[in-house]
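Chain naming follows the written order as A, B and C, and within any one chain the residues start at number 1.
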Amino acid sequence: MRRAAHLVVPLVLVGVLALVPTLSLDLPFVFGGALDSPGTLGLLALCLVFAGVALTYDLLFGYTGLLSFGHALYFAIGVYVMAISLTKWEFPLWQAFALTAIVGILVPVVLGAISLRVGGIAFAMVTLAFAQAGQVLVQKNPDQLTGGEEGLGLNYEALPDFFVGVLNAKYLYWLALGYAAFVFVVVRLAVASSPGHVLQAIRENERRVEVIGLRPFGFKLMAFVLASFLATVGGVVWLIVLGTGASPQVTTASFTLTLLVMVVIGGAGTRYGALLGGFLYTLLDQRLGALAGSAQVQDLPNVIRTPLSEPLFILGTLFILLVFFVPGGLASLGRRVRLRRRQAGLQGAR
Amino acid sequence: MTSVATAPNLIEVRDLHVHLGESHVLQGVSFDVPEGGVTALLGRNGVGKTTTLRAMLGLVPRRGAVTLAGSETTRLATHEIVRRGIGYVPEDRDVFAGLTVDENLRLAERNGAGRYELVYELFPELRTRGGQRAGTLSGGQQQMVAIARALLNDNTVLLVDEPTKGLAPLLVTEVAAALERAAELATVLLVEQNLAVVERVARQVVVLDAGRVVHAGPASGLLGDRTRIQALLGVSGGGH
Amino acid sequence: MLLTITGLGLGAMYFLIASGLSLIYGLMGVLNFAHGAFLTVGAYATWWVSTHVGGGPGTQLLVGALAGIAVGAVLAALVELVLIRPLYRRPIEQVLVTVGLALVLTALVEAIWGFDARPFPVPPWLIDTTTIFGANIPNDRFLEIGVAAAVLVGLTAFLRYTRYGLIIRAGVENRAMVTALGIDVRKAFTLVFALGGMAAALAGILSGVYYGVVEPSRGTSLLIFAFIVVVIGGFGSIGGTAVAAVVVGLIQQYANYYASSGLGDLAVVLLLAIVLLLRPEGLSPKVAH
């Protein structure tokens, strides 16, 4: 019964989500416009992109137990290599993507092989170091390629017509949905596979895996490269969905930490947790800022209004509360409710 | 009717369970430590002797009940348990290598005072080597620091874990003498593999196997019985 | 000469931040991401108080600095008591909470005072330069080096000669054994956090003098380098942190100048990677958790 549910639920979910651009539904406060309006679709697309990217981070952190502080680097590779190929070197779309994909596989293979020589906090610091190097590289703007602090505008003529323009927002939405679904399927398959089981065993107790005769290094590297590559693809999708070009913000350690927050809010290592966390975080981040400017909030006393004007304040507080009281993330709430009910049922039966 | 057999038990351990990772290391350990003298905790390697001491101190999460002088200590934090009057000499000595001998001793002070005269009488070298960094001491000297730390305070109980491990025979004798002296001042629960030492100092023995107590009684009873020793401990009696 | 002194000035700031981080991780095993936020809050507290105090910039700075340091200490102690202590046996959640706190505090500062940089009260004699060996060196560098040196001496003395210093030194080595001696290490935890908060606030104040302004992102941008310094210098070792801070500051300055701007940062990052790969065990505190 559960196996069937696990197949059916995601399919139904994707189906429902795919229909959103056809719905002329208004959800006040949650969205600034009707569901099928370009603004809302653009927002939803962004949420879906980050849902997927958060899941790529969860593959490392929640499933394999690898705490990386440099995941932003691979997302940034997707963003910058694609942007540079399209805008500076004027590659056709598919060639640009192919180049990005190749870089997005080679770099994590090399950097992962180096970083995974150590574990724990040391690994986290090495990944941070490499991401910092990437950030510095982008800032330095070699050959005027990266645009430095100002970012790099995207030459939208390089994109196919249906990705450009306000009226085509729904295609961007479907692209983002496709990406999130793609990441979900790949991660599910990876986790359910036998290498995937080894990864989870590694997360629990690496020594025992060695005792069996397996070498954790190879498996961890596979997970690292897969997660990084998926993040790179996410960077490409983000670039297209956003349409405004590459920005150095995506190279920062703060960006990686944001991914960590998304995963923890949703629930690390759970089926839907990271997706939920990424989606919710992005939604709140974008909408809370708009809410703060709304008429109702402006009338509130300063003490309440000021913190609310910064979405990160609310998100950070929510995060802290969750870590304290619901460490399994939002995804674990369902489990807790079921557990409570079962306990209550047992008590009643006595 | 006052006989030693009905003297109150200083420590009572009841149904102690400890899980370390996946393994159920202590599976319901129960034993008594009568007041006075040395009770030896014996058993093969890995049966849970060190874990038992650590559980009594609250250094590992445990279930069960530990009572010291009539009041239960299971709910207390480690430092509170220790302050009830317990001195701990851990298996690997755990002296602070970066601190001097003096500092190691001073750290053990409670309420700013300690029985330094006693400690220096037992281990005169500690006075002369006071300024030396503990990390540069030999194994035997570190053992002295570890025991001295536990004796510095007016403890009623000493938990001592394999104090003669890795020491040369001459030092083993010294440590045994120190244990005898310590037993005059406090009740000692001693984990020890060296049966000669146990023979010399122990009044009672408790034997563990696979996380449970399999024998408890007077030392003389067990130690005279070679076959029993072989069966329970897997060694021929007589010590190393 | 200017490069060297500036490098030392930078190193001084890194040391102030890193010393707190190092002790906190060494003793408690907590990777305190909120440390940068302590810096920012301390700097802003100083700035805010200074704008409400009369007198010349020197007085404003002094009074503000006293306030800023106090705020840093109190904030850090509160954080430890309310957020860190309850999560005692959950190290991952402790780190996550500091990440969340960093976000919250920085967002709060941005919300109240905006993203733009605020001018910091700097007395003219600090902006002036002194000529040494033919180089014109801004005087604020000397202040930074002086303050850091004083803190270094003060901290080392504290660790060497006081009982709490003894407890902290022992706790960094083996926390479990310290509790087994009947000592309640939790008080030492709060103390270490408070000390770290003070030092971070000091670093924030000095950075205000160095850059002439304060901005909300200051804490985060300096925190990364502080982490690098702590890792290179070894957790829990004040002396090691000091040496590493000097090395990092100097390398950054020299590489930025002689190679090209930004390369210094790259060089430091590379140094971190090399150190980590050669000496990964140096990272785990010798604490038995």
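Operating definition for what follows: a residue touches a chain if its C-beta (ideal position, glycine included) is under 8 Å from a C-beta of that chain, and two chains touch if they have at least 3 such contacts.
In this text, all values refer to a predicted model and were calculated from it rather than measured experimentally.
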Most contacted chain pair (by C-beta pair count): A-C
Centroid-based (C-alpha) most distant chain relative to chain C: B
Chain whose Cα mean lies nearest the overall Cα mean: C
Geometric centre distance via CA averages, chain C-chain A, whole Å: 31
Chain A and chain B, separation of their C-alpha mean positions in angstrom: 54
Chain B-chain C separation of Cα centroids, rounded to whole Å: 43
Set of chain C residues in contact with two or more other chains: none
Residues on chain A engaged by chain C in the complex (per definition of touch): 114, 117-122, 125-126, 128-130, 132-133, 136-137, 139-140, 253-254, 257, 260-261, 264, 306-307, 309-313, 315-317, 319-320, 323-324, 327
Chain B partner contacts - residues on chain C that touch it in the complex: 166-167, 169-170, 173-174, 176-185
Parts of chain B lying in touch with chain C, wherever the complex brings them together: 57, 59, 77-79, 82-83, 88, 90, 94, 96-99, 103, 106-108, 110, 149, 153
Parts of chain C lying in touch with chain A, wherever the complex brings them together: 31, 33, 83, 86-87, 90, 93, 96-97, 99-104, 106-108, 110-112, 220, 224, 227-228, 231, 260-263, 265-266, 269-270, 272-273, 276-277, 280, 283-284
